[in-house]
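You will see subunit A twice below: alongside subunit B first, and alongside subunit C after that.
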Partner chain A sequence: MSLTRDMVEGLRIALGESRPLPEPLAAETIEPPPKRVFPNQYQRGAYAAKAAAHTTALVGIGNVGTRYATNVVLQFQAELAVAHAAVAAELPDGWATENGLLSLKSRVTDHHEYLLRPDLGRRLDEESLALLRENATTGIDVQPILADGLSAVACMGSGMELLEAFTKECRQRGWSVGTPMAARYARVWLEDEVGETVGARVACILLGERPGLGTGDGLSAYMVYEPRIGKTDGDRNMMSNIHARGTRPAQAAERLALVAGAMLEQRTSGVDLDLSGIQDRIGDAAGGLREPQVREQLVESGP
Partner chain B sequence: MRLAATIRGTSYRFASVTEVLAKANPPKSGDDQAGISAKDAVERVAARAALSELTLADLRENPVIPYEVDELTRQVEDNLHDPSYRAISHLTVGQFREWLLESTTTGSTIRSISRGLTPEMVAAASKLMSNMDLMTIGSKAEVVVRANSTLGLSGRMSSRLQPNHPRDDVQGILASAREGLSFGCGDAVIGVNPATDSAESTVEILRALGDLTTRNGIPTQNCVLSHVTVQMRALELGCPMDLMFQSFSGSQAGNEAFGISIALMDEAYAIMKEKTSNRGPNFMYFETGQGSALSSNAHHGADQVTLEARCYGFARRYDPFLVNTVVGFIGPEYLEGGSQITRAALEDHFMGKLMGLPMGCDACFTYHADMNQDELESLEVLLAAAGVSFLMALPVGDDIMLNYQSSSFHDIPSVRRLLQKRPTPEFDAWLADAGIMDGDRPGERFGHAEVIR
Partner chain C sequence: MILEPIYPKVLSVRRIHGAHPAVLEAYGADPARHNSLGLITCDQDDPTFVALDEATKRAPVDVVFARSFYAGADHSSGRLSGEILGVLAASDPDEIEEGLKAAVRTLEHDACFYSADASGSIAVFPHVIGSLGHYLAAEAGLQPGDAMAYLVAPPIEATIALDTALKSADVRVAKIFTPPTETNYAAAWLTGDLHACRAAAEAFARAVVEVGHDPIEEACC
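Right after this comes the complex of A and B.
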């Protein structure tokens, strides 16, 4: 027997032979932990209640060891699922046509490519360009474009309401409004090519914004004077968080029309546009802060 | 210098060192978007084979952006530490990789040559490494810095508490800050991204955070991450500023898009040196992230890993207390999903540490990237195992202002427990005193935000 083999054998004996762990303890009935419900006003601690007056951040949620309570995990997973579902959603084929809109598409061919190639999402494909040239009214004051952006859910949710309200606001001001249209796989800058093609003085794209936790229904609007390929972000004005629980579509439409009016009057947009005369009436389009997203309880377990 | 390799009888030739570096890069959607990546996996390996034969001197002599057109290239070249450079310049990239991996190569030997490394050299080395190679070397390259507390010691992992608020509501910011502190977070910095980029707002938040940490005797640093020019004005108005922040890009043109230059940063550094409330000697905080140069069309045909390393070449000039690579925020058009974000995080940590920087990482994803929560939690453990200096800490990882998902108040103590890591020694003592931690275990007041006054 070698020395090493003796040592290994000795170790086996020292480490409990065929039972390297002690026998388990006898099982005792485990008391259920205190009920934790999130977010539930009357069961929250004083700290969470006080914090809630100032922030929508998830604070005062306690801990289990160093981890989350089950109810917090489920709420969080539901919020994540809502955001991911909004990103994954696509405008169904025929959605635009069914809603009486001219159906356009960018140069992107599928949803995966849409996420990876913003450059392709900024240009129309040839078919759409031909369709636009044949069917769209040209030489207009304002061209609204409804689009999916990063949330087709938002586009299908408040999109038509916002488009119709904005169109109405523009007409009431005596402006000519372009053919109603919706674009698929669209990025913000797509409004440049569309607006240039139809000869619009102002183009305004209304598109689903990048979802946040628990939200996927917000629309943003980006507006540009004299749309041309090559315009940059500094040439645009924007408004965000347009949906039923944020800035409501009717109110957003009025604010957008005020900004469009300023563009038509001053013949410019973006950083050069002076909004001081209307800044009290246009919300975050004046460069103000976005309202915090109100959290909703998403999970109710049990019957 | 030979820019070619043959694989199974097929010869691959490359036109420049920049092309070799780009094609040797592991797949990144940003390089695809820029049209500079290898056309397939075989060409990628051929580029790596060619790269492995280049010497570190070849890389110094062929920066991805020429000396004449870019001040970052000039800054690196003009300040390179010659004795360190001469110790390694003859090695090929392949030999350099092996030298780094050798058991006899320690943190202190790495430090001895660190100042002789250019960004192109560390980027090149990363391209010949697997994730575990990157972690193995990252964990060896010890970087210790000091402000009010001491960051980066062996067996330690710190965190940036990030109590952002979409309207800069100070009470809302403090509510998140207290909660985070009660989970043992915030020992690297309590750092707020402001919604309003104004000096007055920066001052207001810094004063509120200063009051909080003073009142509770918390040994950490406070920072508001407004633009550097805004922070300079805030210092003139008078406020306690422990760390001065700025985002960096990997080219002069990229930094111009951020509204900064070397001259401006030199000025900011000098003002901060005079007026900072921290005990020093380190008082700057920089954020970087692969893809930022391409996003402002300032990439000069170079790949995003090499450009990221060039941020570190710039950061090194200011002996920062914190450097944070924000890996998943930029979106899937630069880092497609979990595997690319994970890879980028480990590359950036490795490259930064090799260049002597206190590297932290905002391990994160946006909701349109192909990454899930489990992958994020796994990445946090990988980074901690690789010796990352600090991670982010947010309520449930949710940034209610910037709308993305990062590591959480609960994740930091969990990762520390898993890997036997502790916060900075100063903060550790405070946590014990406050009853938040009991040694390496949660104490009686763990998670009790109301105990922070």
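Right after this comes the complex of A and C.
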């Protein structure tokens, strides 16, 4: 234990001392660590479990000692991967044409640039502008535009369903609807230039929204009255979370048509638009509280 | 009866948590880094220096103050004074606690003086440190991890024994403290590899015992 003590012990003998060194003081005993330092019991309060049932958000996930449960961490990583994949996805060439849509593109040239340059995503390139002038019906009431936005996965998933449902809702109300079209590398404000070019009274862009955990397939709709380049977000009305576990496309189409109707009637949009007359028919009031949500399990969890 | 261990007595162990900046500064601590102090007094200064150094190996603490008192424990200013006050400084109380534990453990189980004569009136400290902490390394101008022989004895014994130690082992001098030190001893810090340090400490202790046996030497010629 002590280098010096060993040395002194030898020296004592060398110097003729026969007795051994007195016993050293007993060292204090150190308790062995417990066999298991952390509990392995998954804990979650009843309230947390109940709250978590109403959302796909990461709330009420419980704990194991001081850490998250392994399946929660794996689920989180899987959901994050879904979101990453959705952002990275691109609308394939020819997708619009195959679906019978007019194929437009913003001034962005590749996906990387799309993520870095929102300004370029808000304007049409020359080719698309010419295509639009040549082929699109002008002077219409509503111009819907399907677009990839930040999730081409969502656009390809329920984009057509929402576009068709919204178009149908508009026609039922007797409005003229513009040529169906889809834009690639598009940001929300692209609707201003498109709407202005075709002379639409209302433009509505339906595009993949910024993916969240486990929702890479959400669509958002942004609507503006009298689309002109230079309109701001204050001039727009939007609806988000249009997907199977949020607002379903058919329901969303109906609500969007209601808002479009209000725009046509009041000749304005955004913060100036008064939705109080239809508030019982849109938003949460229309469907009441959402039914309990179940998180889609992306990983298998053990016992 | 020679080379009996003379165990050091720890006389006080106290902490100051959230010490006043003026106190921190006065005792060599840095208020920007240090918040807690651990204080220790003991009736043997050299084992305490070793113990404080040991603390720097066991916990992220700094030895900010360690001074011997004049004329040693037998002439101390009170029953708690002993012959040294050592002060550890750290950023939080837990580190101080670990540091103090290591220091007290060293004083109780490792570093001690030994009697070098039958009457016990000559004490020698032939201590071998296998691996220096950053406190003594800095004091000695060596690197943490170096081996060192920490050798202390009364003036005449230490002078002769130091000469013997240097001639008996492949060591070099890190520092020599000629008498009188505060406690009226003399000391030397020698370094080399561990075996050399051990050999030097052994030669030193042997020489101190020898001087005690034969203090008044016959003229040789």
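FYI, the second predicted complex is superposed on the first by the 221 of 303 C-alpha atoms of A that agree within 3 Å, B and C clash if a C-alpha of one lies under 4 Å from a C-alpha of the other, contacts with A are read in each partner's own complex, and residues count from 1 in each chain.
One rule holds in what follows: a contact is a pair of C-beta atoms (placed from the backbone, for glycine too) under 8 Å apart; a residue touches a chain by one contact, two chains touch by 3 or more.
Since the structure is predicted, the reported quantities are computational estimates derived from the model, not experimental observations.
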Legend entry - Which of subunit B and subunit C A:V8 touches, first, second, both or neither: second
Inset, instruction - Count the residues of subunit A touched by subunit B and by subunit C, then name the partner with the higher count. - result: B
Legend entry - Touching partner for A:R133 - first (subunit B), second (subunit C), both, neither: neither
Inset, instruction - May I ask you to decide whether A:P211 touches subunit B, subunit C, both, or neither, giving the answer as first, second, both or neither? - result: first
Inset, instruction - Could you say whether A:P24 touches subunit B, subunit C, both of them, or neither, answering first, second, both or neither? - result: second
Inset, instruction - Report for A:R245: first if it touches subunit B alone, second if subunit C alone, otherwise both or neither. - result: neither
Inset, instruction - For A:R228, select first, second, both or neither according to whether it touches subunit B, subunit C, the two together, or no partner. - result: neither
Legend entry - Those residues of subunit A which subunit B touches in one complex and subunit C touches in the other: none
Inset, instruction - In the complex, go through subunit A and note every residue touching subunit C. - result: 1-5, 7-8, 10-12, 14-15, 17, 21-22, 24-25, 27-28
Legend entry - Of subunit B, residues touching subunit A in the complex: 29, 32-33, 163, 165-169, 171-173, 175-176, 178-179, 183, 195-196, 332-333, 336, 366-370, 372-373, 394-396, 398, 400, 403, 405, 410, 413-414, 417, 442, 446-447, 449-450
Legend entry - subunit A residues touching subunit B - in the complex, by the definition given at the top: 46-47, 50-51, 53-63, 65-68, 72, 76-77, 79-80, 83-84, 86-87, 115-119, 150, 210-213, 289-293
Inset, instruction - Quick one: which bits of subunit C touch subunit A in the complex? Just the residue numbers, please. - result: 1-5, 7, 105, 108-111, 114, 126-130, 194, 198, 201-202, 205-206, 209
